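What follows is a set of structures to go through.
Next come two complexes built around chain A: one with chain B, the other with chain C.
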Partner chain A sequence: MENRPLEYDYTVAKMFMLTTIVLGIVGMSIGVFIAFELAYPGLNTIFGKTIAEYTAFGRLRPLHTDSVAFGFTVSGIFATWFYVGQRVLKVSMAESKFLMFIGKLQFWLYVAGVAAAVVSLFMGYTSSKEYAEFEWPIDIAIVVVWVLWGVSIFGLIGIRREKSLYISIWYYIATFLGVAMLYLFNNMEVPTMLATSPIGETGIGSWMHSVSMYAGTNDALVQWWYGHNAVAFVFTVPIIAMIYYFLPKESGQAIYSYKLSLLSFWGLMFVYLWAGGHHLLYSTVPDWVQTMGSIFSIVLILPSWGSAINMLLTMKGEWQQVAASPLIKFMVLASTFYMFSTLEGPIQAIKSVNAIAHFTNWIPGHVHDGTLGWVGFMIIASLFHMAPRVFKRELYSKGLMAAQFWIQTLGIVLYFTSMWISGITQGMMWRAHDEFGNLAYSFMDTVNVLHPYYALRGLGGIFYLTGFLMFAYNIYKTMSARPVEESELQNASPMGA
Partner chain B sequence: MFHWLEKHPFLFSVGVFLTIAFAGLVEIVPNFAQAARPTIGTKPYTLLQLAGRDVYIKNSCNSCHSQLIRPFKAETDRYGHYSLSGEYAYDRPFLWGSERTGPDLHRIGNYRTTQWHENHMMDPAKIVQGSIMPAYPWLFKNKADINTAYAEQLTDAEFFAVPYNKPVPLKDGKTTIIPMAKSIATAHAMALKEAQAVVKDMHNQNVKDAVAKGDIPEIVALIAYLNSLK
Partner chain C sequence: MDINTFSAYSYFFLIIFLVVGSYSYIYHLYKNRKDASGVDYEHYSNMALKDDIGDAPVKPMPDEKKK
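Let's look at the complex of A and B:
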């Protein structure tokens, strides 16, 4: 082999970068809109009373969660895989026509799936299960996309030059396997069109309808085994894959500890799946499952913090980079938010705390400091690092990037502080009794008091969305307006003023 | 060992899969049969109730309302007896929800009437001052999907042994039978009969006219479902 760096083919990575940004804007905009619907009810009629059905909170909520989770985040996972995978396995997609074809096929099927999902959710076709709302035909499409991704992963691994799998690859493999298992089992359903009436009529009713294989308590248990671990294998595992690659690359620092990464990886794999039970505390699932959920949630702090500390210590001796580079800022704050929400989650999983926290706004508060701070920031940082390399151009503006960082950080802080206060207020007011043992507050008392927090949360969302639009603009200008880089870029991403 | 594993992607993947699959097996399998058993007195949904449940799901009511009363004094004071596992035996899917932006609905049938729901769905803030629930006027126009609800009943009976047309034990020791139609045509007649019983207590003329004509607006099915939650 010649002694020069390999050239990689980023065609598919670029395609998924585009959907990451577009679906991010869509999902976050819907999020901001429904946040304000809670602060200002009646907002769903703003686009006209005739379409108010399609803009009501209930109809849009799954669209928000699914477009940020399966749109923005999953696109980000795919985009980074098609970048990172080649580079750490030391093999180019261009070397295999087959893998290139599979990658493109995966992209177009994914786009078709997204379109079908958006339309069907707007029309109210939903299985009602959180983050698994899609009806069965879309589920099948998702499985196909996922299998194609598996072919890409293992195909590329099959023709790799670097024999040893880098840490990021472990996490991508785990993402693939974990989501496959969870998604399949949680979406076991029987399409109602398969039913036959006693006199022999078939194909009755809507074909976009199905019945869950599990009922009641079992359905809840399977759903939260899925729901919690969708968080694990979409919002945690692949994001760790990203930070293990992009932070050392951008900072030029080696990973602090291989042993710590081993411990965190296998620890996370073993422990995470147990913790689903913490969504069902004081429900009708067996007590021992609840207790296991609670205990393992606490144990989960260890592998989570293991990864986060490994990342922060990677910056040891190089902390001046945090001040100098907004890109490093994104990544360091992302791992900090990861530590923060993996401490907050276990606290909420303690039974006595959960008694107050469950069903309140503290839960979306927790979800969002993880997703906005950790997932969002890490995907943004990854795309910023990738842009100059895939487009061979300097990043458009460092100033804009720094401004985006601060605006979005402020947005996150507004979001979680308002949701903490409102969540704990709700929880305390629901359970308060007066001196005669009667309930101290009506349900409406607890709704009225939340208005300012709902408004503040919406404002936080606007800040975050604004920052995201700045990000989109910065990437767009990078693609179109910057001078072309001559040589293969090493560490820190070059950026304009 | 780990260095070796990292050079063998297949075995590495097998190892990861076993590690992650373990917890699910241990947590879900042991109590599965027990948790699927209905409590005495829990009945399968009638056709119109099931159609109403589909309306509930279509509008994602479960994103703001829970159906799970936890065993705390504050909750039993507010919503009634805490929820029991077997009460959900015919709930496919379960609708516990994860947020209480609005109050719990698991026993709403005990303390709200048809007329209350009718007025409330049309304009919640008028009935409950300060309510942040949106108005649902389209429920009064859209037709409930009886065909799909019927197909759902058939699926329940065929694949999951839900006891339609079979005696279901009640709390007082007697039994009752929840009927399931033999054909689409009889299913419609059955749903309409249920709808007529609900509409008797409603005052919206358009809804009354629709039912008189043989149509069933979504609101009628939804109220039938909400009234069944006890």
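Let's look at the complex of A and C:
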């Protein structure tokens, strides 16, 4: 083994980079389509009335949310893990045939699971729980993929050379444990085939349809404990893992305060789990659950900003790098958007604000400044940092990267500003009434007023998608066009090269 | 004491416990500056900055040291 110098082995990381990009394109294209469907409902039948079932908003929306969350984002998490994990533990996957096999197995099972999920959602199989729509056979496949990832994580940790675990590893482990716990509990379901009707008939249900083990308010509680922590452990925790590695690495600066990173970790872990009640304000869940949800949401600002400020201060005295490098810009803007959505969220969690915001477009607005600005930008930046190193080629075009940055930023701004205005307009119009308490507006009145904002949001989506296609092209060209460098690029940065 | 009173009290004391716990953790981190093995916490940043396969680990595994 020692004949050849040992190198990190990025085979599995590359495989997941591919699915990150492909599923990103799929999910965002569907996002753009459904955004325009809300503005121009006629689009439902654009491909003909016979397949209108498959192009309906209701059918496509879960395909959007699941492919960006469990496709794009989760692939990005896996891709960066198989890169960062080896490096900070100082151990190569080439050193263990077993871990290599598990990694590849995880990838192929994941691809099979994604295919099954896409097909079944298109066909209309759904358990009707948001972010948990997959029917039970797919849930089982997902659990297997997740367990394999766990084997990879703890296997690699088992053979490491670096005794301490870098803060990013803590966050990856938390992602693994958090999602495992949430997913299992929220997806407890029974196929209706096994059910008995009140008058004793059996076998009248279906194998491909299931109902939750919990009912009514309990189901809502479990669902939003899950839903909110899906935000925590898919859209926040692993993304922090990424920024704690890639920003210091790309800028060459040590984390501003490693101690603060440890503190915010425990703060985030404790507080997040209690905040899910803010999705159920004014619903049938006990009042104290709602109040607790609100209070913990406010407290959540602290650990969230702890991480974000730690990242921004890492760039202290190095702001010329932000001006000079689009890659650093992506990351600094990502942490800024993180601060932004973790301030916006707590505000929406205040009961009186939520009375206006709930059910309105302000919520998708909040969702997308988080996901497009923070999650999307951070994954894009991570892959940009990884590409020259895993393909051993220089990045194809820095100019294209800079252009992408501005186009996507414009897209995000269009998205959230239009949704703010339309959301608050919507909320105010719904509750407006005359002196006798009659509602001042009908539902159609709001639809008419909101139309231009829906169109603007769609436009913002087109910008973001365009930028993402530029990203895909840039990475594709990087892996295929330039000649292979002699050895792994030593000089850390694609921008510095 | 019924279950509601019980949960209210335990909730209250849990919060107190966690607040005290986290402030002591902050105090501990900033007072000691180094962890039990004598490594300054801030040096752990080097796990990311010096992460080539040939770089020396910040805190090597015990068996690696012997080699």
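Please note the rule applied: the second predicted complex is superposed on the first by the 469 of 497 C-alpha atoms of A that agree within 3 Å, B and C clash if a C-alpha of one lies under 4 Å from a C-alpha of the other, contacts with A are read in each partner's own complex, and residues count from 1 in each chain.
Going forward, a residue touches a chain if its C-beta (ideal position, glycine included) is under 8 Å from a C-beta of that chain, and two chains touch if they have at least 3 such contacts.
Since this is a predicted model, take the numbers as computed values, not measurements.
Enquirer: Taking chain A as the common reference, can chain B and chain C both be placed on it without clashing, or not? Answer clash or fit.
Expert: fit
Enquirer: With the two complexes superposed on chain A, say which partner A:Leu262 touches: chain B (first), chain C (second), both, or neither.
Expert: In the superposition, A:Leu262 touches chain B and chain C alike.
Enquirer: Where does A:Phe270 make contact in the superposed view: on chain B (first), on chain C (second), on both, or on neither?
Expert: A:Phe270 contacts both chain B and chain C.
Enquirer: If we overlay the two complexes on their shared chain A, which of chain B and chain C does A:Val88 touch? Say first, second, both or neither.
Expert: second
Enquirer: For A:Ala13, select first, second, both or neither according to whether it touches chain B, chain C, the two together, or no partner.
Expert: Once the two structures are laid over each other on A, A:Ala13 reaches no partner at all.
Enquirer: For A:Val32, is the partner it touches chain B (first), chain C (second), both, or none of the two (neither)?
Expert: neither
Enquirer: Of the two partner chains, chain B (first) and chain C (second), which one does A:Arg161 touch, if any: first, second, both, or neither?
Expert: Once the two structures are laid over each other on A, A:Arg161 reaches chain C alone.
Enquirer: Comparing chain C with chain B, which touches more residues belonging to chain A?
Expert: Of chain B and chain C, the partner in contact with more residues of chain A is B.
Enquirer: Is A:Leu148 contacted by the first partner chain B, the second partner chain C, both or neither?
Expert: neither
Enquirer: Check the residue A:His279 against both partner chains and state whether it touches chain B (first), chain C (second), both, or neither.
Expert: first
Enquirer: Chain B and chain C, closest CA-CA distance after overlay, in Å?
Expert: Across the overlay, chain B reaches chain C at a minimum of 5 Å between C-alpha atoms.
Enquirer: Overlap of the chain B and chain C footprints on chain A, residue-wise?
Expert: The answer is residues 163-164, 262, 266, 270 of chain A.
Enquirer: Give the list of chain A residues in touch with chain B in this complex.
Expert: Touching chain B: residues 37-38, 41-42, 44, 49, 52-53, 56-59, 61-62, 124-130, 154, 157, 163-165, 170, 173-174, 177-178, 181, 185, 190, 192-199, 201, 204-206, 209, 211-212, 214-223, 225, 262, 266, 269-270, 272-274, 276-277, 279, 282-286, 289, 292, 296, 355, 358-361, 363-364, 426, 430-433, 438-439, 443-444, 447-448 of chain A.
Enquirer: Considering only the defined contacts, which chain C positions touch chain A in the complex?
Expert: Answer in residue numbers: 18, 22, 25-26, 29-30, 39, 41-49, 51-55, 57-62, 64.
Enquirer: What residues on chain B touch chain A, complex-wise?
Expert: 2-3, 6-7, 9, 12-13, 16-17, 19-24, 27-28, 31-32, 35-36, 54, 57-64, 66, 68, 70-75, 77-78, 83-103, 125, 128-138, 142, 145, 147-152, 154-156, 158-160, 181-184, 187
Enquirer: Hey, which residues of chain A end up touching chain C in the complex?
Expert: Those residues of chain A that touch chain C are 5-8, 87-88, 90, 92, 160-164, 166-168, 244-245, 248-249, 252, 254-255, 257-259, 262-263, 266-267, 270.
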